[in-house]
Amino acid sequence: MSKKIAILTSGGDCAGLNAVIRAITHRAHKLGWEAIGLENGTAGILEDPPRVRALKPGDFGGTLMRQGGTILGTTNSKNPFQYEMPNGEIKDRSDEIIAAFKALEIDAIIGIGGDGSFAILNKLAEQGGLNLVGIPKTIDNDLDMTDFSVGFDTAVAVATEALDRLQPTAASHDRVMLLEVMGRDAGHIALTAGIAGGVDIILIPEIPYNVESIAKKIAAVKESGRNFALVIVSEAVKTPGGEKLEVVYHGGEKRYGGIAEYLGPKVAEATGFETRVTVLGHVQRGGSPTYNDRLLASAFGVKAVELVNEGKFGRMVAWQDHNVVDVPIEDAIKRCRTVGPDDMLMHTARSLGISFGDE
Amino acid sequence: MSKKIAILTSGGDCAGLNAVIRAITHRAHKLGWEAIGLENGTAGILEDPPRVRALKPGDFGGTLMRQGGTILGTTNSKNPFQYEMPNGEIKDRSDEIIAAFKALEIDAIIGIGGDGSFAILNKLAEQGGLNLVGIPKTIDNDLDMTDFSVGFDTAVAVATEALDRLQPTAASHDRVMLLEVMGRDAGHIALTAGIAGGVDIILIPEIPYNVESIAKKIAAVKESGRNFALVIVSEAVKTPGGEKLEVVYHGGEKRYGGIAEYLGPKVAEATGFETRVTVLGHVQRGGSPTYNDRLLASAFGVKAVELVNEGKFGRMVAWQDHNVVDVPIEDAIKRCRTVGPDDMLMHTARSLGISFGDE
Amino acid sequence: MSKKIAILTSGGDCAGLNAVIRAITHRAHKLGWEAIGLENGTAGILEDPPRVRALKPGDFGGTLMRQGGTILGTTNSKNPFQYEMPNGEIKDRSDEIIAAFKALEIDAIIGIGGDGSFAILNKLAEQGGLNLVGIPKTIDNDLDMTDFSVGFDTAVAVATEALDRLQPTAASHDRVMLLEVMGRDAGHIALTAGIAGGVDIILIPEIPYNVESIAKKIAAVKESGRNFALVIVSEAVKTPGGEKLEVVYHGGEKRYGGIAEYLGPKVAEATGFETRVTVLGHVQRGGSPTYNDRLLASAFGVKAVELVNEGKFGRMVAWQDHNVVDVPIEDAIKRCRTVGPDDMLMHTARSLGISFGDE
Amino acid sequence: MSKKIAILTSGGDCAGLNAVIRAITHRAHKLGWEAIGLENGTAGILEDPPRVRALKPGDFGGTLMRQGGTILGTTNSKNPFQYEMPNGEIKDRSDEIIAAFKALEIDAIIGIGGDGSFAILNKLAEQGGLNLVGIPKTIDNDLDMTDFSVGFDTAVAVATEALDRLQPTAASHDRVMLLEVMGRDAGHIALTAGIAGGVDIILIPEIPYNVESIAKKIAAVKESGRNFALVIVSEAVKTPGGEKLEVVYHGGEKRYGGIAEYLGPKVAEATGFETRVTVLGHVQRGGSPTYNDRLLASAFGVKAVELVNEGKFGRMVAWQDHNVVDVPIEDAIKRCRTVGPDDMLMHTARSLGISFGDE
């Protein structure tokens, strides 16, 4: 009887997950494993009957790998160790989940997630003696020990395209355009799209900035004879005073308001330029994955099954030196991979005259 | 000696303006007219020397028609009749502008603008005996007497693409996605992109709505077995109580916050769905024009020069019954073309099960 | 018991068909009709059991309307009146098909097709007393009595994008780029994409041309200081001598070779420019439909069901004067709608200095 | 007085060249060098006066980096050592070119090219004592010692998008779609786009194939219940008999015809599937560069100037291990980097069930 791999997707959405699931299914099938999809992750396995579905190569013959999202859904923020019950009670259901895996006679789990998901899955695996392999996915690209995680490439492509749309209208109408992109703790999306999108200023959480420096850079742009400027800012950036903005309230109503909306009026005032703010939001997470994300997804999915087949557990597949390798999951989640001071792209950006609002 | 047409672009930005300017230049050249571009519209003509540039067909041989924005810039909100001087004083400079046109020996003006620009240009033309032809452009598509204005097609394409990106991530993560699109006074972008983007609910300023109806529709979607919903809302939509939202203040700081940000939390609360808000913003105005906008731009530009050549002034070119025609400018700006109750697309939308939050 | 509408897609592929099927299903459901999809058209109904599937609004909640192709497949060129049997025999199976429709208790048929399909379906309907409504689809846009057919907008968008990609490389490398687009009998795609894509020469089957005129135009372009030229040609264009090119043979091997490949070397020789040929092919038929095609699909699908519901048969839905109407099918297929000599776009093209290779 | 860097682009076109030129210009300016663009490469420098233009950071403030092509043009295949004169004579003009460089007081040359261009430039540099730094660009990605060359990413993105368009129409119409992509000597584009585009068969010059294996794979696809198949083939692939196809003649007329057109009818015959061929052609070389190509271009341009500034000549910038490094030009052009038997992507492809027509 063939052995079973369970696949689950977990955490925030990104493009390329269906391509990962497809690759796992194909490779498992070839190596004689059965592939089982867990719907809604560890939350679905607790339902009665558990929400599982058999996965066959033939399920993926059509457009699925070209589509965003994940056919397996997510845990919807249900933490096995602090599970929120319908009555609001918080409960540790990790033993139930482990029992459910065993009842389904699952031999190995491939978890597709980010650092948060891996921390939970790893703990679960250790507690229950489950065989876990991880595949990194996060648009933020902040998982350590891998150059790329699934979803990042698409997010940067979407952000760059937004800058391509904002530039001509900025130029026609003498404006500063401020684009806020995602990146919860790290500035990779902003840094990468900022260079590719030809911005004047990049603001990322790794580098303290001030409004005066922004104004100075924009004044220099104006001085050079250009009538517009482009600024990209990561959502993780705090106010110059160090405040993290998330939501504001207005007359009892909950209102959103992030760093770009905070900075917009300040930049306008400091520069005299009309300033417009765009908050790109969830379009960065969805839509058809770029070819690079599909490629990464395919190589990762194949490798993860091979690790399972070789009995190498507790590993995360990773992209290093233009190749697929594997690293210990626990090492990969030890720290958030932020933009370092010696990052080659930082140097590239500064060499192109891009300011980080810090000088 | 050849006679001169002056071209100016005015008002909010949209895609396709360079393609209009190109078409005018080509047609003028063929009919023996000289084409002159006014930089920054009626504001630039007041500078010393006036900001004008000769336009030749050869200027447009490359990529220009494929680019967003306008090489001629805009008036930067300078109203000739209420011109804001550097010292803040408001002054009527219409006579100066008329004199500047005459000093440049301009025989006709082709103004590319929306209703606001046309009202001003028309008044100026009447006062100064200037020969004016108008070309309609507005992403809102709310100019009367023309089925299409330049820029609308691109804006809808961008908004539809955003929905294509939001749908899979909504489906993977059990969410309501709320997309706010432009449309200052009319719901055309939201209605059109909403149908094409497969939304469940369209909110436009022409149709009063309430949050209960939105929640009811989303509950019905859930009942049908679907785990997500898409909502599109025009920026012109007011709160159910009739308040127009524009900006909010927080601790002395100016914050933006529109109708989508207002509705997001309310929809979340009323439906129990996690709800995410995307405000698409200025990406709708920029970027490479769609082929339809380039086509419209080309046909309009050609026709406008022909009206000039025939001495038919005070006319706006227009698209009616799959053809280019001309109508009196003053008729075109009499009213804002909003979405009517018998609009065929309204009927199409309701027939597809789309709710307008009103039932 | 609710009455049944059968839906079939027929003939060449185009983008937007799934959006049509979705709209029919929604409208049928709302008006109390059952919607049945016929797989592989009139060919599938002959199988035992007949290939039919119930269609529900819930089938279309996800990405289907955003996808190219058709979930119902086509007849695979099986003509009911001249049906090619497995043994190669040609047989009239129209009575069997009619009987199959009656056995399935189908009350009305909505056929989504082009002129060829409509001719067959109309004959079948008359012979069998079937209730037929047609929805026009063809990337060629050559159906009469409707401004637009489903699929045309996407095809033109794809062709225009190809020109956007060819232009910069032509300019960098001093080349003539010759793009062949589809259009079996009419030049609409070439004419429309040619204007929008900024070409110098458009060759369509409606206008006789000669290589000397092409060379003359390109010489004039060179004279004006530009170092490249763009040419678009419809696949339906014949050689100047009137030969229709389709395939050539080489050493016993079948080879393709159309008009662009024929003209490429001749243009190179006549102009001294390096010339490159691109034959766009089936990418014009596939992929995600543009918003306009989805809109047309939606409006057409809704209207077709309403005609069924009102008992108006033998009609084709059509787009006229920015509205959905209906016309007799037999009138719509009487003639192929080619590009007329007074076509407004022809005039626009010539006014922009575009040559048709005829002067 | 500041020292001068001359920049030239050479060889076949690709996307991202303007972004390279921009990055060089910025970095040069910051480091106190003057940047000079050579128009039409070593050919332009021979004209009287030489075709050079000063390059300033301000030239690139707008859309230029977002555009395909190169503002500097190319040598138009003029080899300095075997220069074709207007009278057809072949002449060694290397000494003239070297003299021209010296007359312009150029201190260093940054050549943006592929292996052919580098071989020539390197020889010229050695002969004339010129200071050369190379930046790799080729859509084929076959330069050795660098993981990526500028232009490859865009070409693969275009090819993948074509597969996304071909898949649904293949599925609707029960077809085999055969896509021919570029790649003069190496299969990187076909391999990469093939995986990302979800094909069934990839044919590359590195792997011998036969039509029987293709037919066998497609039969297996059909057996599995799928009614269509996708095949990608590199233009460099020969016939199974080892013939390189380039052009065919028909009735005295020169006709093009490559490997896809050769294989199309054979695949149709061997499989019984209707087969359609698309030859993607020059759209792979043009159009707006992807963000990855702009990033690579930016990092390469910056690094190249730094090498010049440090006096490190005879070097090519390269991408290795997610970083920018430099390698000896002569080493980089020693061999063509083809797809190796142990290539990780080959393994990924086979693991996904993709056939290379060889088994």
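So that you can tell them apart, the chains are marked A, B, C and D in the order they are listed, and the count of residues begins at 1 in each.
As a convention for this text, a contact is a pair of C-beta atoms (placed from the backbone, for glycine too) under 8 Å apart; a residue touches a chain by one contact, two chains touch by 3 or more.
Note that the coordinates shown come from a computational prediction; the quantities given were computed from them, not determined experimentally.
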Problem set entry | Joint neighbours of chain C and chain A, given as chain labels | B, D
Exercise. Centre-to-centre on C-alpha atoms, which chain is most distant from chain B?
Worked result: D
Seminar exercise, completed: Expressed in whole Å, how far the mean CA point of chain B lies from that of chain C is 31
Problem set entry | Between chain B and chain D, centroid-to-centroid distance (C-alpha), Å | 40
For this session: Determine the centre-to-centre distance between chain A and chain B, using the mean Cα coordinates as centres, and give it in whole Å.
Result: 34
Problem set entry | Multi-partner residues of chain D (at least 2 other chains) | 63, 67, 164, 167-168, 171
Exercise. Contact residues on chain A for chain D in the complex?
Worked result: 22-23, 26-27, 30, 57-58, 60-63, 65-66, 147, 153, 156-157, 160, 164, 167-168, 171, 192-193, 195-198, 221, 224-226, 288, 290-292, 294-295, 298-299, 302, 320-324, 344-345, 347-348, 351-353
Exercise. Any idea which chain C residues touch chain D in the complex?
Worked result: 9, 12-13, 17, 67-70, 73-74, 76, 158, 161-162, 164-174, 177, 227, 248, 250, 253-257, 261-262, 264-266, 276-283, 285-287
